[in-house]
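Just so it is clear, A, B, C and D label the chains in written order, and each chain counts residues from 1 on its own.
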Amino acid sequence: MMLTFVILGLLLSGSLAWYSDDKPFFGVRFQAKWVALVAVIIFSLIFVFSVYLSPLNFQTLQTIAHVSWINSLNINYTLALDHLSITLIMLTLFLALICILVSWDEIQEKSGFYYFNLLATFAGIIGVFSAVDMFLFFFFWEVMLLPMTALIAIWGHEKRYFAAIKFFIFTQVSSLLMLVAIIAMAYIHQQQVGDLSFSYQDWLSLELNNELALYLMLGFFIAFAVKLPSVPFHSWLPDAHTQAPTAGSVLLAGVLLKTGAYGLIRFVIQLFPQASENFAPIAVTLGVVSILYGAKMAFAQTDFKRLVAYSSISHMGFVMLALFSFNEIAYQGVIVTIVAHGLSSAALFSLAGMIYQRIHSRNLTDMGGFWQSAPRMGGFGLAFAAAAFGLPGLANFVGEFLSLVGAYQVFPVMVILAAFGLIGSAIYGMVLFQKTFQGSSLKTVPDLSCRELIVSSSLLMLLVILGLYPNLLLQYFRGVIL
Amino acid sequence: MTDIPLAHVLILSSLLFTIGFVGVVVRKNTLFMLMSLEVMLNAVGVAFIGAGSVWQEADGQIMFMLILTLAAAEVAVGLALLIRMQRRYRTLDIDVLSKMKG
Amino acid sequence: MSLFASIEGLFYLAALIAVIASLKVVTGKNTVHALLYLVISLLAVAVCFYLMGAPFAAGLEVIVYAGAILVLFVFAVMMFGLGVDETMHAPQSKGLSLWFGPMLLAALLLIELVFVIDNSELKLQLSNKMVDAKQVGILLYGPYLLAVEIASFLLLAGLVAGYHYAKPEHQGRRL
Amino acid sequence: MNLLASLPLYPLLSFLVLISFGKRLSWAVASWLSVGAMGLSALCSMLLVAQLSTSEVNVITSHLWQWFSVGSAKVNVSFYLDALSAVMILVVTGVGFLIHLFAAIYMKSDENFTRFMAYMNLFIVAMLVLVLADNLVLLYLGWEGVGLCSFLLIGFWYQEKNNVLAARKAFIVTRIGDTAMAIGLFLLFKSLSSLNIVEINQLAQTSETFSLSIANNEASDAYWAALLLLGGAVGKSAQLPLQTWLPDAMAGPTPVSALIHAATMVTAGVYLIARMNGVFIMAPEVMTYVAWLGAITLLLAGVAALAQTDIKRVLAYSTMSQIGYMMLALGAGAWSAGVFHLMTHAFFKALLFLTAGAVILALHHQQNLFKMGGLLKKLPFESALFFIGLACLVALPGTSGFFSKEAIIASLWLSPTAGASLWWCAILGALLTSIYSCRLFFLAFLGEQRFPKDLVISDHLETNHLLRGALVVLALLSLFGGLFTIDLSTVLPLSNESELSPGWLHAVAIITPFIGIAFSWFYFKRYRSRDIISLNESQSSWLVFCRNGLGFDVIYRFLLVKPYCFITQLNRRDLFDQLIMLSAWYVEIWRDVLSASQNGRLRWFAGTFGLSLVGLILVVIL
């Protein structure tokens, strides 16, 4: 029940933050950000401890909550965890802290509602990562979508409505396809077994003929490929990233994209092994195209956040490529890439937010020579850019290397093409770093504050630790055969 | 038996109807539009009466009467609106009333 | 002259008059003249009704249409004090350009209608027997009772609406 | 923690301290810290080498932790020291220490001194990791690490736009090679299921499938792996076709040029090929490519060096050409000769760069050769050092350069993968080397001084003993470094015997530099003449072409850079986005059309009504 407690707790403390913002209680003026911060810390601790103290073996899916919900349709409230979901939930909770810290000074208006939305999104994401009843999964999928849209639409930058609507339509249309596939699966279960079931574990034993499986798989695949995102469904991402407030971008890049990767791993590949294997050449091609296209597009951007957004597309291409290689090494690469990209893109977006707070621009042409006045920020900028272009020693390298080595066993030509993305990433990484921090100093900016230092250094520390000792993560993903 | 074919009656009806239609579309003056409407309603009446006469049934005339009632009600409301329009806008130009645009 | 003496002759004459008068109504500049042309058109149509064997309808046409409705029009015109002017403010676009589109449309419509009537091979002829008021009355208060009721409601609604709209504005709340 | 593992640790600690405290450290503390760490490191490496030479075992290893595992193959963070890496760590820490010492004084007045020293330390860490790595992935870590440091140090004075561009160019060009190398790693892992260097070298020889071509015309895995590794080496070592970054990299401070772009990093490619000799031996065609690439680079760089006006760029091209020699040696199978030349080259090129740096500093950042002249009198000490360096470079008999270069040339004639034509290339290269060296020396040190007479020459060397000491040590190493005998027979395969080659070969090889010197003595008469007050750089198009690196930059700009930029600019708005937004545009069009039809005009509505009636009837009729 502790996971339910965490999810509900986040929602309730979000409401509390909303309610209590700027209201005096016993002479103390409450601020929403403090409520949110304390709540996230408490629930993270609860989650971490309960997982470590749990006697269950999370190598396979362990159901930890099961309550019947809508009896007539056999819909249950079922949550289950394995190492994959635990890893992703921990990443989510960690980035929740980062999100709150980066929006500490940035959000001044309607801050109560802001933190409510933020926490609600996190609750939804945690639900997505743990739900195994597909109806519940879809429910959480929508729960995470709405507050995210609100975050973009209310606290975003100049073209926020456009971006929010674009984000909403993309996700909604694609998730409708998934809904159709979910309902179809439930009916197939009824035909084969005799009763409706939305349970993921029940579905694993279904036998589908090839054609049907292909279409159902495509329903899921498109929903997750949009979320991942993969070319050609990526175009919501640059707009949403660019227009979202800093925490929104961190959240989008850090965790929301990972729901797509998670869905591909958990549902597409495991529910439809045969169909996805047949589909693999196309998916791998999409992955490679995403890698190259994202890198190329990132180079062309002049907007800091847009550049990082396209680099995310490039990185998630590696996930797609590796995932559909059906190879244990590549799978480990996917796990590391997911976590590493979560951290590094979060770091770059936080950096973008810090710069935006100082010069009120995201345009690279307005930047330059910040190293002179803000050497610390420059150092972190370099490290994060290096993480983005996969410098060995940082976590991204391990992920990319494992992905590519693994995928090379299966698709050598594709991997050679994808490797050109490494050059592309170096190009945009260099452009990003040099245009921001090198060159002649146009402006003097204050160096990192204490809070920003905490954010940056904790992210960098994790990147370095995972980069030099990825076994911390990989030990849980040994011997997983897809 | 008269030698008037039904086709001629219907052609007369169509002619009147088209004339009325042209009036409705072309004239800007709302009063003229109302009059054109009367012409159109009348044209329909002709068609009904003609049909009734062919089959020797009274239904055609009843339909005509219903059209008549409709015309009366329409004219009553229409003219009342016309008066209102004249008061408010000091004109009978129907193009002035274009607030219900999308 | 025998053409005009026969019923057919009279019918076509009345029809011609109705069409010409209607044209004058639609194209006229002077409101009062147009109204008078409308009366002529209605009367001509009434003649047609009579010749088609519907004396009751002809009577109604004369009494209700030409008598009552047209009087309403006349009252309205008198209230506005309209003269030659068609619209007071909108500059009148003269010439054929304004007319061209609608005329084309109407011509198309007419051609189509005539085409339909021509092609449906109606071999029916009008009968010269009268359908008298008695038959109409029996039918009206028999099977068509409901329609009559509805028509009366319509008239009532027209009455109320006419009163409401035509009421001076300051007396009631604004619409 | 054993000695081997502590080798990169000292610079790493020094780096961490320097980077976290930054400008708060005074010059004394920062320089003591960084130079001290380097000193400790150098000391350790000497101890290690002593250990290695005395002990029975040929290898010292140190396992730190398991980094990750690729399938069944473990990728460890482990260090592996054998004779080859021993040579490298001696060069890296020894020369590195001297250059650090020099840099601490050279860069004293720079406001970002601590940052500079931190980068230098970080570079040493990465370079040591590269050299000591026991597997290819760790080597790749060092490989990329030195690339990053090189990038940072080239762009150290980042306020100048040119430096920034040069740094970017260096990073991206080498990254192209790195990518080839990464693909090579994937291939090696696929065919040999290992990433450990020793294992790969063994497996390459024993594996049956590795060097076998699958079909008749298809190349074997060994061929491709060697070729891809060569790609990495070519990028890092500034060989054809990825050589264009090195001359521009001279934008960095002079100690950086000495350490990274002459002595250590650029020779990493040579090290890689020597290290992976097991793979290369299995692919003799690639060995020939290596040799030819080396030879062509050697000649082209020699020609380009002849036309340079900037003292550092002359040295840069000379570096390129000397690495060409090393490549030539490796390609010819003369592994130890190549590595030996790597070592001696590190000594004398570091000496040349540092002395050039001292000269540049003395002349207040004047780098143009045509604005120097007559420095022999003004700066006699520097002149002497520079002369020693150049003597090694042209391989005058007795100097270290002589021994190493002769060894290379001697091995070429009979090598199965090289041959006579490459021998002639090497001789021609030696001739070119002596000519451009003479030109350089004449222009800078002889002749009449061509800088303003009233320029106050600030001579740090005369005043600073430490600086002087560092250079003298380097000079001694350059002169007598040839006497070190390095025994690489435990690591590298023996090269073929050179005794069988005709005797006149040696004579030609020894005489060639003197011919070059004699030729330039007369040909560059103007440069050493005392009467000519001002020299103008020749602007003939041929010379300008050579000066600009033989047009490679232009070709690449038009073939690669411009098209890439053009494509990205063309598609800046994102084609896919545009396509998807088409649907939005479509909806919007219809919204506009429909809302335009709702214009609120009654007559218009009636007209539309009629129109649709016409249409409807038309449909019914037809």
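Going forward, a contact is a pair of C-beta atoms (placed from the backbone, for glycine too) under 8 Å apart; a residue touches a chain by one contact, two chains touch by 3 or more.
Quick caveat, the model's predicted, so the values are computed rather than measured.
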item	value
Chain at the geometric heart of the assembly (C-alpha centres)	A
Most distant chain from chain A by Cα centroid	C
Rounded Å distance, chain B centre to chain C centre (Cα mean)	5
Cα-centroid distance, chain A relative to chain D, in whole angstrom	38
Centre distance in Å when chain A and chain C are each reduced to the mean of their C-alpha atoms	72
Distance between chain centroids, defined by C-alpha means - chain B, chain D (Å)	94
Residues of chain D engaged with two or more neighbouring chains	607, 610
Of all residues in chain C, the ones touching two or more other chains	101-102, 105-106, 109, 113
Inter-chain touch pairs (all)	A-D, B-C, B-D, C-D
Residues on chain B engaged by chain D in the complex (per definition of touch)	21, 24-28, 33, 94-95, 97-102
Chain B-facing residues of chain C, complex	7-8, 11-12, 15, 18-19, 22-23, 25-26, 28, 31, 34-35, 38, 41-42, 45, 48-49, 51-54, 56-57, 60-61, 64-65, 68-69, 72-73, 75-77, 79-80, 82, 86-90, 92, 98-99, 101-103, 105-107, 109-110, 113-114, 117-118, 122-129, 131, 135-136, 138-140, 144, 147, 151-152, 154-155, 157-159, 161-166, 168-169, 175
Interface residues, chain A side, partner chain D - complex	231-232, 234-235, 238, 293, 296-297, 299-301, 328-329, 332, 369, 371-372, 375, 379, 382, 386, 391-393, 397-398, 401-402, 404-406, 408-409, 412, 415-416, 419-420, 422-423, 426-427, 430-431, 434, 437-441, 468-471, 474
In the complex with chain B, residue positions of chain D that touch it	594-603, 606-607, 610
Contact footprint of chain C on chain D as seen in their complex	607, 610-611, 613-614, 617-618, 620-621
